[in-house]
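Heads up, the next two complexes both have chain A, just with different partners, chain B and then chain C.
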Partner chain A sequence: MAYSDKVVDHYNNPRNVGTLDKSSAEVGTGLVGAPECGDVMRLQIRVNPETQVIEEAKFKTFGCGSAIASSSLATEWIKGRKVEEALTIKNTDIVKELSLPPVKIHCSVLAEDAIRAAIGDWKKKNGVAETEQAAVSAN
Partner chain B sequence: MSTVGSQIEVPAGVSLPIYMDNHATSPMDPRVLEAMMPFFTQKFGNAASRNHSFGWEAEQAVETAREQIAKLIGATAKEIIFTSGATESNNLAIKGIAEMYRERGNHIITQVTEHKAVLDTCKRLEKYGYRVTYLPVKADGLIDIEDLKRAIDDKTILVTIMAANNEIGVLQPIREIGKICHEKGVLFHSDAVQAVGKVPVNVIADNIDVLSLTAHKIYGPKGVGALYVRRRNPRVQIAAQIDGGGHERGMRSGTLNVPGIVGLGKACEIAMNEMENEAAYLRGLRDRLKAKFETELDYVHVNGSWEHRLPGNLNMSFVYVEGESLLMGINDVAVSSGSACTSATLEPSYVLKALGLGDDVAHSSIRFGLGRFNTQAEVDYVAAKVIDIVKHLRELSPLYEMVKEGIDLTKIEWQAH
Partner chain C sequence: MLKILDSAVPVACWSCSVAHNDATLFCPHCSKIQPPPGGDFFSVFGLKPCLNLDLMGLEHEFHRLSRKLHPDRFARSGEHEREWSLADTALLNDAYRTLKDPIHRTEYLLKLHGAEIGEEHAGKDRKGKVDTSRVPADLLEEVFDLNMQLEEMRMARKMGEEDPALQVSLEQAKRKFDGLLDEVDDELRAEWKKWDEGDAGVRSGAQKTMVALLDRRRYLSNLVRDVTETLGD
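Up next, the complex of A and B:
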């Protein structure tokens, strides 16, 4: 399998790897995927309670190079955005940016799910009403 | 920033990429190529041409090869049938016996970690009204002999069990299997593609009636293989699956691939002479590789029996690291993974699953297939590189972090997708 240069770059130099304190009220954690399926993503955000801006985003991913790249890219994109803005990121945007082949589209879907799950967790903690979109992703 | 693993120094004498996937295929030994060369342009005769020297010369070369192959497996030259490779040999053996012994019975016994050439052949026979028993394997990859004994009934005509597995390298107890088959009057076929030339295989001592082998796994050319068909005690009959000029005692028609056959013969002769030393050498390399992983990394384990295993095989799971991402990091080393992502079907290895390993462990497996031309310097480089990448990927792995924190991953409600 040939990987695009961008996938290789994220694989070699993953952005925003790490762990945030999941017990903090400002932190939302999304854990998606399953070990049996060969990919698990954990994406965490720290949101400024005043501005609703995602000031920090961290990830860890067990999965193929495309899964690692998708989650790494996702953290880059959501950092500095407002929560509601981050929710507009679509898996197809990730597919396009990383030139993922059809068999790797599920990696981008998982990254989108991870963003939604992390935001959903943060909203739950902070008593923010779920948007329709986020509620769908929780199913 | 630098590429992961790029700081690992390439030792002197090592050129990249390194080939360590010798269960898939092996490079041809230059001595084999040398033996084959005259049979392309000068000695190009058809071995079936009885009326001129070109034919006699080709026939003589084929008969020499038959002797070389027979000697390696303890057979006689007349018992060797040439084919296009092991897939054809397995098809011919199983379908040919099923057809020939149909009146005696319709039951075939095999086991779940066989190569697809055996499993898919058996599946096709099921469509034609044959009954097939797929024996399970134990956690070490070996079948339970008691299961085999119980499975044989009065309709059983054939037991087909591989000698060595292509993924995990485990050696089935073929001698015992053959003994039981002979006691019960059932034919025993063994797909010995991975075993022949690597470990001693003797059709008499091992009670094998029909055996498949191929050239390209033993440093010979691709596209040529053989089937051993026993002529005495019992005399095995096989219905041809390819009809034509009646070559190979009527069992396999088609003009013989003389250069390929010469290469197969030469490869067997070399294996015969060098197998003992080579096995010790490969075992040394393999043990060195394993020891390095076990010293430097936690959560690694060998898949399949360590005791009953091919000398050149190391199948290891680097748990909490996904196989394809590991392969991506060692792209200057040719190995294989049991990960779903590396297969066309997106299913993890059925062989590893048959051992009772979770899909997550199967996803983390790498098969190292050491061969004649691998060196200690290559092993050291591969070990250093893999260790470096595994450490990098574990820093990225949420599973590794969770396990380190003492979280039981089996207790988490994963969202399967």
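Up next, the complex of A and C:
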């Protein structure tokens, strides 16, 4: 199976690889895994407490090229977005952008899970209830 | 080849026209070779799907059938029989490779009974929620940390440095994960017995447990493979 050019590009030049301080209140960490293939992905965000904008996003993925590309792309997309906007990113957007074949769709699911887990962790740390936040953004 | 054969439906032998069970490679009546049967891998060996297999018996039967199917024996046969000897041999090899390996056998049997295992089934039925139920969080943390250590060690190697402390901790980790892998395998074997001997209720419980154990196992075996590679460089 051949990888698309975009996957190869993200694989060779992954964006935003790295680690943020897990103990910081501004940082949310999501660690997720795909039991089907044994890949693990960690995605971290640093959120500006005033503006709720994700100012930094880092990832580290141990897995196939598609998993690395999916998480690399995910960090690019969420950077500069507000938390609630970042939650609107769907795995299908990643599939489309990277032209992932059906057998690799779960890599994009993993990236979406990682975004949600990181944001969920940040919300928990900062006492933001999921429903409350949704209500605010709906206004 | 994912089909449990209904042995109540007989097929007529192409040569002698006597009806026989579809799963057989040779007609029980006239002993002529048959086209590749449509049953599952177990039925190729005349077995019912089960997890505790007599491996010696399986190997013996594999060799016996391999000899009988060998294309050299059909060099002077008709075109169809020559083709079937190749196709049957390929099927027999696939079936043997799958069944002799305990993990492949378990995965195959679970798939046969409708379990969705492997990459081609990953990420289906999403409802937009993080599904953390399938993998324990502490295992993920451990897997992630060990992967980080591995990477550190590879980087240090690249720079021409050796870190004895890292080497020691990797060796410890390898022993630990080998041990965890053995535990999973023991648990799997306990479920085999339940599946083989239990009624429908026990079976479905065992199937769920085995799918979860195989998920866990995939992480562990990836890790053991990577640690072994790094240590062996």
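FYI, the second predicted complex is superposed on the first by the 126 of 139 C-alpha atoms of A that agree within 3 Å, B and C clash if a C-alpha of one lies under 4 Å from a C-alpha of the other, contacts with A are read in each partner's own complex, and residues count from 1 in each chain.
The rule we apply is simple: contacts are C-beta pairs under 8 Å (C-beta built on N, C-alpha and C of every residue); 3 or more make two chains touch, one makes a residue touch a chain.
None of the values given here were measured: they were computed from a predicted structure.
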Quick one: on chain A, after the overlay, do chain B and chain C clash, or do they fit? Just give me the call.
clash
For the three-chain arrangement built by superposition, which of chain B and chain C touches the greater number of chain A residues?
B
Which partner does A:H106 reach: the first (chain B), the second (chain C), both, or neither?
both
Using the superposition on chain A described above, determine whether A:R46 touches chain B (first), chain C (second), both, or neither.
neither
With the two structures laid over each other on chain A, which partner does A:H10 touch: chain B (first), chain C (second), both, or neither?
neither
Could you say whether A:G65 touches chain B, chain C, both of them, or neither, answering first, second, both or neither?
first
Thinking of the overlay built on chain A, is A:K79 touched by chain B (first), by chain C (second), by both, or by neither?
neither
Now for A:P35: first (chain B), second (chain C), both, or neither, which partner does it touch?
both
On chain A, the residue positions that both chain B and chain C contact, one per complex
31-38, 40, 42, 60, 62, 103, 106, 109-110, 113
Tell me, which parts of chain B touch chain A in their complex?
1-4, 320-322, 324-325, 328-329, 339-342, 346, 348, 358-360, 363, 395-401, 409, 412, 414-417
Using the touch definition from the top, list the residues of chain A that touch chain C in their complex.
31-38, 40, 42, 60, 62, 91, 102-106, 108-110, 113, 116-117, 120
Can you list the chain A residues touching chain B in their complex?
1, 3, 8, 11-14, 17, 19, 31-42, 60-65, 67-68, 103, 106, 109-110, 113
Which residues of chain C touch chain A once you look at their complex with the stated criterion?
117-123, 126, 129-132, 134-135, 137, 140-141, 143-144, 147-148, 215-216, 218-219, 221-222
